[in-house]
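Below, chain A partners chain B and then partners chain C, in two separate complexes.
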Partner chain A sequence: MMYKIDLVVIGGGPAGLMAANTAAEAGAEVLLLERDGHLGGQLVKQTHKFFGSEKQHASVRGIDISTMLGDRLDSFGDRATVWKNATAIGFYEDGVITVDHDGVYKKVKPKRVVVATGASEKFLSFPNNDLPGIYGAGAVQTMMNVYGIRPGHRVLMIGAGNIGLIVSYQLMQAGVSVAAIVEGLPKIGGYAVHAGKVRRAGVPILTSHTILRADGQESVERATIARIDRTWNAIPETERTIECDVICISVGLTPLAELLWQAGCEMRYIPALGGSVPLRNDCLETTVKGVYVAGDVTGIEEASAAMVEGHLAGLEAAASLGFKSDSYDAERKDCMEQLTALRSGPTAEKIRTGLACTACL
Partner chain B sequence: MGDRRITDHPILDFDEGEVIHFTFDGKPMEGREGDTIASALHANGVKVLGYHFKTKRPRGFYCAIGNCSACLMIVNGKSNVRTCTAPLLPGMVVETQSDRGVPDDV
Partner chain C sequence: MLINTGVPTREQIELRLPSPERRARGPYAMVECFQEIPCNPCSTSCPFDAILPMGDINEIPAIDLDRCTGCGICAGVCPGLAIFIIDESKGDGTASVTIPYEFRPLPEKGEMVRAVNREGDVIGDAVVTRVLLSKKTKTPLVTVRVADEHVHEVRFFNLIDNKTVCDKTSSKIEEEPKTDDTACATDDDEIILCRCEGITLRTIRDLIREGYTTVDEIKRISRAGMGPCQARTCGPLIASEIARMTGQPVAEIQPSAHRAPVKPMPIEFFLGGDSE
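Now for the complex of A and B:
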């Protein structure tokens, strides 16, 4: 059987939730597909309060934002359907999307699609990097904040970006000790507030350091780290061993864009945005007509930007089907202004340079 | 290894869900309602979920959100189950996997 619907949104993180809400609000019939058993994407594991302005729910905890957006979607009744445990596994040139929904294979043919699949964590190569006990930072966060389970007793964190810093702090909140945070660059990438919190708790942040290897029988027992020079080569005699049962890798995210490749969207490799991203116009429509994108899949940013992009993509996808409300112009203008504001500070320079390369049409 | 479950947290509340019984390589184990198979195993101190089909090196989970396939195990006789996202259900028979597994009946 082929399901037909106005709009399918793939991914129920902040971007997808906003896209689905906005399009349903405008009057479109929406189907939201989420691979997980719950909505919220990365938000569900974020227990810290958010930055940004009030519009993007600053100072609300990530988990609460996702509940709010999920409840709002429920309020549209039949107009918005949510399939959980539903993975979009294929996106074909004739516009058909195939879905594994709770083990049942389904086909959907929507008039428009918003792809909001988010990102996946990057990995690092070093000897024995496949030992059990070496986990992505997001995985550690999921174990702790979603399932309530400590990943181990003593963690070595690799990467001092915001995620590395926040997860280190959350590990301590959960009663796990953090041996050190190792960062290859000469300075800390994350915000000073987050760095301050972990430093005050006594965790050393070792910049210009890297991990050389991990060791252990069946799982991690220790790691060897060393200071590195500007060309990232280990400086002799600076090696030291750190006892730990978990090594947490937090070296960035990369867009989860397989479905866009399959759909035939034109992609470009932009390191500043984390990997290959889709070209798109200012309505967030890709080079394949009717296929829109929002959130981390368009380039790694933050939940705040993901929500605004989701709003815009939902608004435009619905409008292109004739569901254009009186507030369309005002909403569009507001989204554009919010995105400009979010991307204006010095910390967003990398994102601005990256985005300059993504324009199509 | 009960100390792996977080009971005291400054922000989050983890209510004690119903106990779920399952077996891991024949050994009886307990998980909680809301666990995935991998989270329940981890709570029981099990980090090694399988062995690489060729090198036989031990494998554990990596991403915990269904992206990477590092956590494949045999569950109720079915191989290649992503245990980091598959919910734990009562009576499950969970086994380490060390080969490529067999495809599902189609």
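Now for the complex of A and C:
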């Protein structure tokens, strides 16, 4: 059978949850597809307090935001349906979305779609990069914070962006030692306050350094790192060996956009946003009518911006179906102002540069 | 520099220090936030409006030390754990620092700990004088008493008796004694680009040399990108390798075609389907 509904939201992370909540609030019938067995996306692994303002739940821990947004969705009763363990596996040109829901093949034809699929992690190529003990930062967080498993005893972190810094801190909270944080750029990419937290707990941050190779018999036993020059070539005689049983790769994210490619959305490769992103208008609608986007799939940003984008996309998708509440204008204006504020500082310069290239008319 | 090291400079700290009169008068908040980031809970949480309202959420917090009572509410809410409460008013040669401390086990009141500076180095001893738990922020605030001259240095502590968060002596990184370097010749064989299908960098490079210069061509001839991850991991790596070897910009290299399904599914799955 073909399921018909007003709006399908693909992805139950911060952007998707906000989109589903907003559209259901406006009166639309919403189906939220979540690949995992629980809602929240990356929020469930975020044990640290969020930045931003109260509107994006600043100072609340990500895991608690996830619960708040999920509870709110529950409050809409039959108007909001959630399929967990449900992966959208295809998006066809006639607007049909195919779903693997708990092993059952389902087809859905919604009037509108919000794609909030998030991002995947970038990886590095170096000798022995397939040794057991080499993980993406997301996997390390999942093991520790979702399943309560320590990934190892002594970790070498690659990447000093916010994720690398935060995961290092969380590893130490879990009682795992962090040997060093290695960063290829000459400066720390993440917030200085996150860097300060790991520095005072004794972890060196080595900027202008890279990993050359991993070694070990059955699994990782050590890594070789070196200082690099401006063209990312290792400087001779600067090699060092670091004993570790885990190498954690945290070198950036890339938008998870295959469903948008399949739907025929016009895409553009924008390095500042992490990879290929959909062109969209100021309602977050792509070049395929009725297909909206929100969160990291639109370009890599913080979760605070993802939540506001989700709010905006849900609001616009519902409004385009006639579900337009009295507060529509005020909410729209508020979302725009929040996004402008979150993206106005010096740390968001890259995001602003990237976003300038994403507009479609 | 802060942006290279994660540690603020002495000048940055000194510029934030209150006047000697204010320091002698009673506890105050030391806001060690030196970077414009979109964040304002310190200012919105202060019950005395001592942390001034921010016109732009990216502003660096500004504090009115005449209004600040050193209550510590901002230190508990700051997501960056970058606010410390300093009390230099005792006048007995000691001063106290209140530190947001999110590690277990927590120290107990009266316990001796090792005082640690912003770089993670132990600089002396300290005594825990208060451990404040907050249900709301879940960030414990631990107050330690240190020697006067250390109060602007101490920003962390290590527990004694092996309860240390991070033993810096064990993370000392030794310079590598030069060993024989035979590894480089075979490096390309040891680097796996496509983890699902086990395709090495050497294979990919050989194919590019043979004239396969799109991600799709390489996928079809080698199976790289056909496994469970469907090129999410190897796709960008292969594209950048093509860019490097052919001199094309990465932006011009098309990713492999994206077809449904986005993950490998058994054929029988499609024969099933729900018949509600």
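Rule of thumb we're sticking to: the second predicted complex is superposed on the first by the 361 of 361 C-alpha atoms of A that agree within 3 Å, B and C clash if a C-alpha of one lies under 4 Å from a C-alpha of the other, contacts with A are read in each partner's own complex, and residues count from 1 in each chain.
Convention: contacts are C-beta pairs under 8 Å (C-beta built on N, C-alpha and C of every residue); 3 or more make two chains touch, one makes a residue touch a chain.
Remember, predicted model here, so these are calculated numbers, not experimental data.
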| item | value |
| --- | --- |
| First, second, both or neither for A:Lys187, with chain B first and chain C second | second |
| When both partners are placed on the shared chain, which of chain B and chain C touches more of chain A | C |
| Partner chain(s) touched by A:Trp261 [first = chain B, second = chain C, both, neither] | second |
| Touched partner set for A:Asp130, first chain B, second chain C, both or neither | both |
| Contacts of A:Thr347 with chain B and chain C, given as first, second, both or neither | second |
| First (chain B), second (chain C), both or neither touched by A:Arg200 | second |
| First (chain B), second (chain C), both or neither touched by A:Met144 | first |
| Touched partner set for A:Gly322, first chain B, second chain C, both or neither | neither |
| Which of chain B and chain C A:Arg61 touches, first, second, both or neither | both |
| Contact residues of chain A, present in both the chain B and the chain C interface | 61, 87, 120-121, 123, 130, 173, 256 |
| Chain B contact footprint on chain A (complex, rising order) | 35-37, 47, 61, 87, 120-121, 123, 130-136, 138-140, 142-145, 147-151, 173-175, 218-219, 256 |
| Chain A to chain C touching residues, read off their complex | 1, 48-54, 58-59, 61, 87-92, 98, 100-101, 103-107, 120-123, 125-130, 172-173, 177-180, 186-188, 191-205, 207, 213, 224, 237, 239-242, 254, 256, 258-259, 261-262, 269, 271, 275-276, 302, 304, 341-348 |
| List of chain B residues in touch with chain A within their complex | 3-6, 8-12, 14, 34-36, 39, 42-43, 47-49, 52, 57-68, 84-85, 87 |
| Touching residues on chain C, where the partner in the complex is chain A | 2-8, 32-41, 44-45, 56-58, 77-82, 102-104, 116-120, 137-139, 155-156, 158, 165-168, 170-171, 173-176, 178, 183, 187, 190-193, 195, 198, 201, 230, 232-234, 236-237, 250-251, 255, 258-263, 265, 269-270, 272-276 |
